[in-house]
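Given below, in the form of structure tokens, are the structures.
In the two complexes that follow, chain A is the common piece, with chain B as its partner first and chain C second.
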Partner chain A sequence: MTIRTTAAALALALMGTGAFSQATGDLGLVVERADGALLVVDQSDRASIGRIEGLGDLSHASLVYSPDQRFAYVFGRDGGLTKVDILEQKVVNRVIQGGNSIGGAISDDGRFVAVSNYEPGGVKIFDADTLDLLHDIPAESKTVGLVDIPGTRFVFSLWDKGETWIVDLSEAEPEITKIEGTGTNPYDALVTGDGRTYIAGLFGEDHLTAFDLWQDNPEAQAILDGYSAGREGLPVYKMPHLEGWALAGGEFVLPAVGQHEVLWVDAKTFEQTGKTETHGQPIFAMARPDGRQVWVNFAHPLNDTIQVIDTVTKEIIHEFKPGPGVLHMEFTPRGREVWMSVRDADKIMVYDTQTFEKLREIDARSPSGIFFTARAHKLGL
Partner chain B sequence: MKFCKPWPSPVNRPLVLSLVAALATGAGAAETPRDAEALKHFVHQDCGSCHGLSLKGGLGPDIRAKALEHYDPEVLREVILGGIPGTAMPPWRPLLTDPEIDWIVDYLMTGEE
Partner chain C sequence: MTIRTTAAALALALMGTGAFSQATGDLGLVVERADGALLVVDQSDRASIGRIEGLGDLSHASLVYSPDQRFAYVFGRDGGLTKVDILEQKVVNRVIQGGNSIGGAISDDGRFVAVSNYEPGGVKIFDADTLDLLHDIPAESKTVGLVDIPGTRFVFSLWDKGETWIVDLSEAEPEITKIEGTGTNPYDALVTGDGRTYIAGLFGEDHLTAFDLWQDNPEAQAILDGYSAGREGLPVYKMPHLEGWALAGGEFVLPAVGQHEVLWVDAKTFEQTGKTETHGQPIFAMARPDGRQVWVNFAHPLNDTIQVIDTVTKEIIHEFKPGPGVLHMEFTPRGREVWMSVRDADKIMVYDTQTFEKLREIDARSPSGIFFTARAHKLGL
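Up next, the complex of A and B:
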């Protein structure tokens, strides 16, 4: 064999893996909820570069990334847990782990994937390599707000019981710590990027609940108590979402429930520092990665609008209508751009966060969640 | 749930009414009635926020035809319009006209358009 044909054969072999010279650091996945598919996107090129199909019911799906940013674990509404390879753009494994799942998390060492279930409730822990079921943690409750924290631990809350549980997987058998007093009907929760503060949003009470996870025995602490006292609650047509991006310049910015406003809380003292009236029931209130701006979308029927709040003045500095059904936003890791799913326009729209100029529209079928691979290196995402 | 929250508070009627009116306008209830396609979209996308895109359940229960067969249509109509106090089911009255709610009840109970 000549040198030339050897080189050609080698090149072909490399290309055959589909991994030829493609880095993953600026890639992402977008959920196409109606088709059970994922769009593979390239953040730098502002382009869709492929589609992965066969993921089942992806209404309300979310996903997390492996530490090497090559694989994603997708949590679907049908209880499916699907592992996809972003480079090969294909499904590599799929198990039906429950009847109806709501989300999941990956452990800090990348070894375990935890899935939170509405039906039959509880949390299941899987081997990240094989998707073998390792631990089943029944809770007799729908579970919400599942996040990872340092020390191979996961935290989640119980919708039906108002408790928050910590699961420690650092030993062979999981050790579970149950904390009471979270409050009635926690609907979602967030953990800060340092793993210290866990905040559960409550549907059934007029406050949120915070936990200091750096304490030996974390206790439930009511924050923003009575935030809607003296005011009539408005209908909630969609539950808000909470994630670690709620931290903006030393304050948490949190969606109120049943009030058209976001609430500001000092991250150290948990004292309320302000509120900003918004266009509708906030769903996502997302701080840009630097924390200077907060972008907010809203529940049906006001879900065609975005408001941008300045963190310093807490005033709305920009409002616009990207289109019908703005379901989700994702900032590029340093916050220069924001990508937005506009479900009923079948588009992802990309905006510059400094000028608010629209930079690109990308076709997508009924898009919802947008997840950039940079999440692989962030706690709680 | 927040709409019928467990803690007492005086009701600000004018505020509520104006917000309800604003919601109704925003939803297009006062504009052109939605056609079957738009209503089907509404059921799967917006009821689906809690009940799942395929209506088989989520935070809220399964609302496929089989799961609803014990319902009297009139009762189901009232549940949708008025919500269920003490749960996450909100009142949809501000967003729906009479013909729209009739269509939705029929669609949910029969599973057909």
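Up next, the complex of A and C:
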């Protein structure tokens, strides 16, 4: 028995209440990449409330939550798939499932966790309870842009083959739909929040490719032709994440490749509706949950700065320097606060998105990704 | 000390784990109107896990959740405002705040709970922790359509005055913006999920009124002129709730007043884009969270039936009879299941939205509203 649970049991016995009880709606995990650890944070208290260690290489790690917001599945760069319990703050299971994992997703019914791999390629499907390997889908290619969509399905793209596959796990054996024509070397992808439109970024083409997954036979459609035309303009320190696309008031806001600007694109037609010049080369353009503001961070060496853009005017309404190495932002679910990892300051900074006031600094060791439990309730993450 | 916490403490001591821990992401409350009680339900287990009693008159009751998903604030028809703890399954505070309450909301920072009243009219603002009355806004009118929007603000409409008011609580004293021209006798209102568009239904006019809250000075705009033209066509057993508007694939789906049909309306222009004939007079048209399906229930005496409409084709793809008195539906957050209150069968029915298979029946006493904790993370509820 650990000191922590003893104390909790004592408190419970002495106070006659469920003092150990902990609601999970306002919790989150922050990746401490250097230490292979996760910091457990509480949004309401604006505090860290624990640390979970022993997760291996967490550079570029991401995670998803179980539907009850109790468990997180962490996808590590070392191929590790780790299941952690955010209530008990401990690792409950860990498997090395591949050589170089780049992300994963959980099915809409919470039963399956899928992981995509660079090495050895393909996608593996695990039982969310036990982490037993259920299905191995080789694909003979690196896989990217793995997302969940409704109907116990996952979608991902094949770097080496230029294809996009849909895996349906609603029956005992996986049913795979292979769509050709994605384009040369998809490097990342996203799905819109309604699970309808899947968009792949291409390393070898001057456009992106979209799929309408609500069609019976989704087909590759080229969008944003010339999107990467300016790629030679400036050194690309970091390819923009497609997950850095924001949906704000009916428009997508996306980092322009190699340029100091974000582009505004009609979410229905994919026609460009505007652009906003920015301080540097944008990495993430993130919409506040209501879409009224877009917060932008930048590539090295300008990654100490944040700009905030108003969605109606498309103008920058605020700029400030949280500190060196702003890697990631996460909004509280209704958008009142934004939490920010400032890696080289070893801090998480918390800001009010209405007043821009700094509300709190929280110590963290080289923090990167911030993941609040509200993600459990969203499609396509 | 109750038996329950003793057992929990013992279990904790014996097992050396936080066995009493309970994640709150998959919980919910179901109103048992006849008994003034709330059934606590667990989505993952598809089960009721407890009952909270002593909440007074719960006919037409609604509730909102604290940001951590631990507490619910229940607005009863008897003017009672009750705070319940979903983890400990008990009432933690209760005040009689008015004579006839019709709904409430919680501010985006979780600090304030607002309640609108028919009797004595006006809106009251309470401290979310203590339920202390902080501000009384008389309004000299019945108030309807109270919703939260970003920036510690609430919006509501005045039945007797035809006005819409915005209350800003970000400073010590409330700042009230009064907008005229809403129209004759607003009876209900909604705000879109992004907090941008507030729409009021009018009892005395043949249109609805919309406000773009992203403008500095929002103005009343008539939309859907002729919307209620058919009101004389059929007896209106129950005015459609505006909360029964669904947003699906860029269109609103709304129950036509007094007709056996739902209307499809472009979410940007408010122009009608189609209609679907239905089994009866629709009460709620509810979109699955991804927007691909719209589920419709009907007014008495056809309230034993559900129809499911496909968003792409606008055609009915499924119809069935869950039982007598289908009052309310709630989707699990990623839309895989729908839970349904079948009042006169004393059951909650759980269905798979992909296969339409019935997954479970749960006993409940005259169940009406179903509220899952994921609502804590949404604007405008």
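The definition used in the following text is that the second predicted complex is superposed on the first by the 353 of 381 C-alpha atoms of A that agree within 3 Å, B and C clash if a C-alpha of one lies under 4 Å from a C-alpha of the other, contacts with A are read in each partner's own complex, and residues count from 1 in each chain.
Quick note on the criterion: a residue touches a chain if its C-beta (ideal position, glycine included) is under 8 Å from a C-beta of that chain, and two chains touch if they have at least 3 such contacts.
Everything quoted here is computed from the prediction, not taken from an experiment.
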item	value
Contacts of A:K358 with chain B and chain C, given as first, second, both or neither	neither
First (chain B), second (chain C), both or neither touched by A:R77	first
First (chain B), second (chain C), both or neither touched by A:N100	first
Contacts of A:K178 with chain B and chain C, given as first, second, both or neither	neither
Chain B versus chain C as contact partner of A:G325, first or second or both or neither	first
Which superposed partner A:R196 touches (first chain B, second chain C, both, neither)	second
Partner, of chain C and chain B, that touches more residues belonging to chain A	C
Interface residues, chain A side, partner chain B - complex	33-34, 57, 59-60, 77, 100, 102, 118-119, 142, 159, 184-185, 187, 203-206, 226, 228-239, 257-258, 299-302, 325, 343-344
Residue ranges of chain B touching chain A (in the complex, touch as defined)	1-7, 9-12, 15-16, 19, 23, 26-28, 41, 45-46, 48-50, 52-54, 56-59, 83, 88, 90-92, 94-95
Complex interface listing, chain C residues touching chain A	1-2, 5, 8-9, 12-13, 16-18, 20-26, 43-44, 65-70, 86-88, 108-110, 148, 150-152, 170, 194-196, 214-215, 249-250, 268, 288-292, 311-312, 332-336, 354-355, 373-374, 376-379
